Amino acid sequence: MKYFKKGQIEKIIDRLAEKADVYVPMLRGQQSGFYSWKSYDENYDDLIFDLLNVYSPPKNIVLPQTEKMYSFDQQGQEIIIKPEEIPVEPNVIFGIRSCDVKAIEYLDEVFFTRTFVDEFYKARRDQVTIVANACYNPGTNCFCKSMGVNPLEPEAADVILREVENGYVWESKTEKGNILTKQIEDLLEEKEVELYEPNRFVRKVNYDGVAEKLKDLFDHPMWEKYSDPCQTCGICTYMCPTCYCFDVQVKNWGEEGYRFRCWDSCMYREYTQMAGGHNPREAATERFRNRFLHKLQFFNERYGTPLCTGCGRCVVACPAGVDIIRMIELIKGAEPSV
Amino acid sequence: MNYTDQIREIASRLLENGQVDMVMAWEKGAFDYQSLPYVARSLEDIDKMIFDDYCVHNLSTSLLRYRDSNEKIGIVVKGCDSRGLVRLLEDNQIKRERLYIIGVCCSGVMDPLQAMIANSGFSRIKDTSGLAAKCANCIQPNPVIYDELVGATQEARGPANRFEKVSEIENMSVEERRAFFEDVFSRCIRCYACRQACIACDCRTCIFEETRPQWVGRETSISDNMMYHMVRSMHMAGRCIDCGECERVCPVGIPLMLINRKLIKEVDHLYGPYEAGMVYIEGQKPPFSVYDEKDQDDFI
Amino acid sequence: MSNCSCENPLIPQIVEVIKIVDETPDVKTFYVQKDNGVPFDVMPGQLAMVSLLPVGEGMFSVSWQEDDHLQFAIKRVGVMTDELHAIDVGQRLGVRGPYGNGFPVEKCKGQDMLFIGGGIGLAPLRSFIKYCFKHREDYGKITIIYGSRSYDDLCFKEELFEKWPQEKDTQVYVTIDNAEEKWDGHVGYVPAYLEELNPDPQNTVAVTCGPPIMIKFVLQALEKMGFSDEQVITTLEMRMKCGIGKCGRCNIGSEYICLDGPVFDLAQLRKLPPEW
């Protein structure tokens, strides 16, 4: 087994950072997320490989919250369009958990398949090497296993780190991973170490049959009831590692400007508001329902998996305590109304 | 603080004799430290209803959902929350006779959100046994409007000077202040949780959703974020009831109450003495909803 | 399926507006051209994203394609369309597409065609109607039922009153909601007119587009007349931003209107949640 001591981790990141922009989990003031190692300030930032996960999901690395697409300049009736050059520096997401790796797999499905390839996403994604940190200690609100995620074996990872006594095992899985291994070879030692036994999950839920069952529950009164506490803010969607919906907007000063896309949320009224005034999902309940149906039924129908990796962030972050685990249980218990 | 029995008793009575169609209170979530907003619509729902130390949410905001309907609504409010009801009544968002207000004298609550974060592995903070941050500046623990009161009257816990932090910012140089606000606003992810949780935000069409024209851009850039927060805070002037929900729900820790309190201070100073929603007098309007020739304008 | 030819499907091509036709007080048809040709080929019923670059983008049905230009009939309903109505010939616009499935022109071959439109809903139907005329021998009898609030609000009047009635085996029925002095034709709503005309479902495909309330009653009327769900086709509208099935908002159930639609037959629609 390839192994390195915990004390070596910054050296390893430093080395990887010679050839790539390395994103590492940090606490930064009151926030936590994956931030570029280049921006690490030891007086202010705190590396958090010892915590369960970062609060802000890493999706912004492949799908930035705001992303310029092209700029334009209109002179009289003439117009020039200049596509944005997407930075192509290789980058490494270092220490990402299985749930968030799976989320990137889902984003890949969305942006790479079903007729069109999203070139903006592709330009960023192609440059990413994933160094995952296998999860032996699920948190209080983790339920990844229930959603078909293996916390110890993130499939799309190029390298898997496994925390062991005093250090980490480094396990390369792909050609991209081997390239990183070469880069840090002298920092790794060959050593047989004992892997931890994974801890049990506190929360579990059985997703089997939920997508199928939801087909008959669209008009069920439960949506009205369970959406009562929902404030229709966008926290659940923005904190979700899999939510990918975006808006396309323009910024201009006079005739010059640029078009950008930015994260959007199905919880907002404006999301489906049509220019003529009609809104198919005007009511809070309808938006609430669409979010859960998209995650648990519609995405499954289209892509064969639920759009949830059980990371637990929405469960933790919802100001009103809306809880997807509980929703799944309630769905399972619901009697079809017709 | 646990008033579950009293609340259930009142709610049962109200639903049973048809005085209300629903009662807004709380239920327990998956954890001891989690209480969630809950609406009881029938007697069967009463068993779930609770009131304990984690009932932090200001339920008055949820009334906006029902402003166009006719149901009679029982609602449980703490001192701070009750000021929200006064604001809704002043703004004609709901009729007094539609409400049955169950007021709770509040000795302070704890924040389930912070407890969730701490207990779920996303934070280094482990101890969340203290009162919610928003309770530290409490000036109104007892309901200002109610039909029925629960619990013994409480002393305000607010510090001698709840504008201490505001003064700190005021004493900064312009550059320092700018740097401070750029730092806090750059974090904003524009999830609009602060707006959604806010009782002062009772506009039917929010300026941030307006598209003809679009007043504020949707980029998470410092300029759009600043614009968002400036517009938001100005709309709080004379309307913020200091319930602290905006700051509590912010997922990136923006000190929104610091800004709101500056507005509270200025409105009190310029048009006061005034604190929003402290007393309900029919027909009374907040300073920015009325014009008075004697209004100060020397700062214009 | 869509066949977007550009390298990056989210970046528009530049076209020039070569002609603007006032159809009604709030509908104009814009003829756009790129290098004396079209930016891309479109099938009837397909969509394209049109942008007035400093203002915004909007998804529109392409109401017809000629060899050297595309036509978009656009109603003034919002910020972007307000501005669009103020431009002059010569203005450059962005367009990207084509998006969506389009009408099943092949499947309908050999059938009688019944087109039922209301208001601006005739714009997408027009691409199919004109396609049928262009390939006249492939289709049977053509019946067009179209209505609007008033005479002024009728789109494509020249075609409606002059050209289409001249086509072989073609009947055009026009109605307006309320009687007016300058109108001596039929008065009443489209669904009622449809019931009055009572077309034979035998070997017929009905294609309808219009305001949601009209569609609702047209579908009921067709059902009553004995049209099966497979014989009824409509084209849907939702707010769209990307056009390529990624941005999320135009879903009805698990179908994206921009990609899997906008054209569905009633049998397909009945399987979707009732958000259409």
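As written, the chain order gives the labels A, B and C, with residue 1 at the start of each chain.
In this text, a residue touches a chain if its C-beta (ideal position, glycine included) is under 8 Å from a C-beta of that chain, and two chains touch if they have at least 3 such contacts.
Everything numeric in this text was worked out from a predicted model, so none of it was measured.
Contacts between chains leave no pair untouched here, as each chain touches all the others. Annotation: A-B is the more contact-rich of the chain pairs B-C and A-B, by number of C-beta pairs in contact.
Distance between chain A and chain C, defined via averaged C-alpha coordinates, is recorded as 38 Å.
Separation between the centroids of chain B and chain C, computed from CA atoms only, is 48 Å. Distance between chain centres (mean CA atoms), chain A to chain B: 31 Å. Multi-chain contact residues of chain A (touching two or more other chains) are listed as 247, 273. Of all residues in chain B, those touching 2 or more other chains are 211, listed in ascending order.
Listed for chain C are residues 78-79, each touching two or more other chains.
Contacts from chain B toward chain C in the complex involve residues 211-214. Those residues of chain A that touch chain C in the complex are listed here as 69-70, 72, 74, 77-79, 81, 83, 110-111, 114-120, 218-219, 244-248, 250, 252, 254-257, 259, 261, 264, 266, 271-278, 280-281, 286, 290, 293-294, 297-299, 301-302. Across the interface of their complex, chain B is touched by residues 27, 29-32, 46, 48, 51-56, 65-66, 137, 139-142, 203, 225, 228-229, 231-235, 237-239, 247, 249, 251, 260, 262-263, 265, 268-270, 273, 284, 312-313, 315-317, 319-321, 323, 325-326 of chain A.
Remark: chain B residues 29-31, 34-39, 41, 57, 61-62, 65, 112-113, 116-117, 119-124, 187, 189-193, 195-197, 209, 211, 217-221, 245, 248-249, 251-253 touch chain A in the complex. Residues 78-79 of chain C are the ones that touch chain B when the two sit in their complex.
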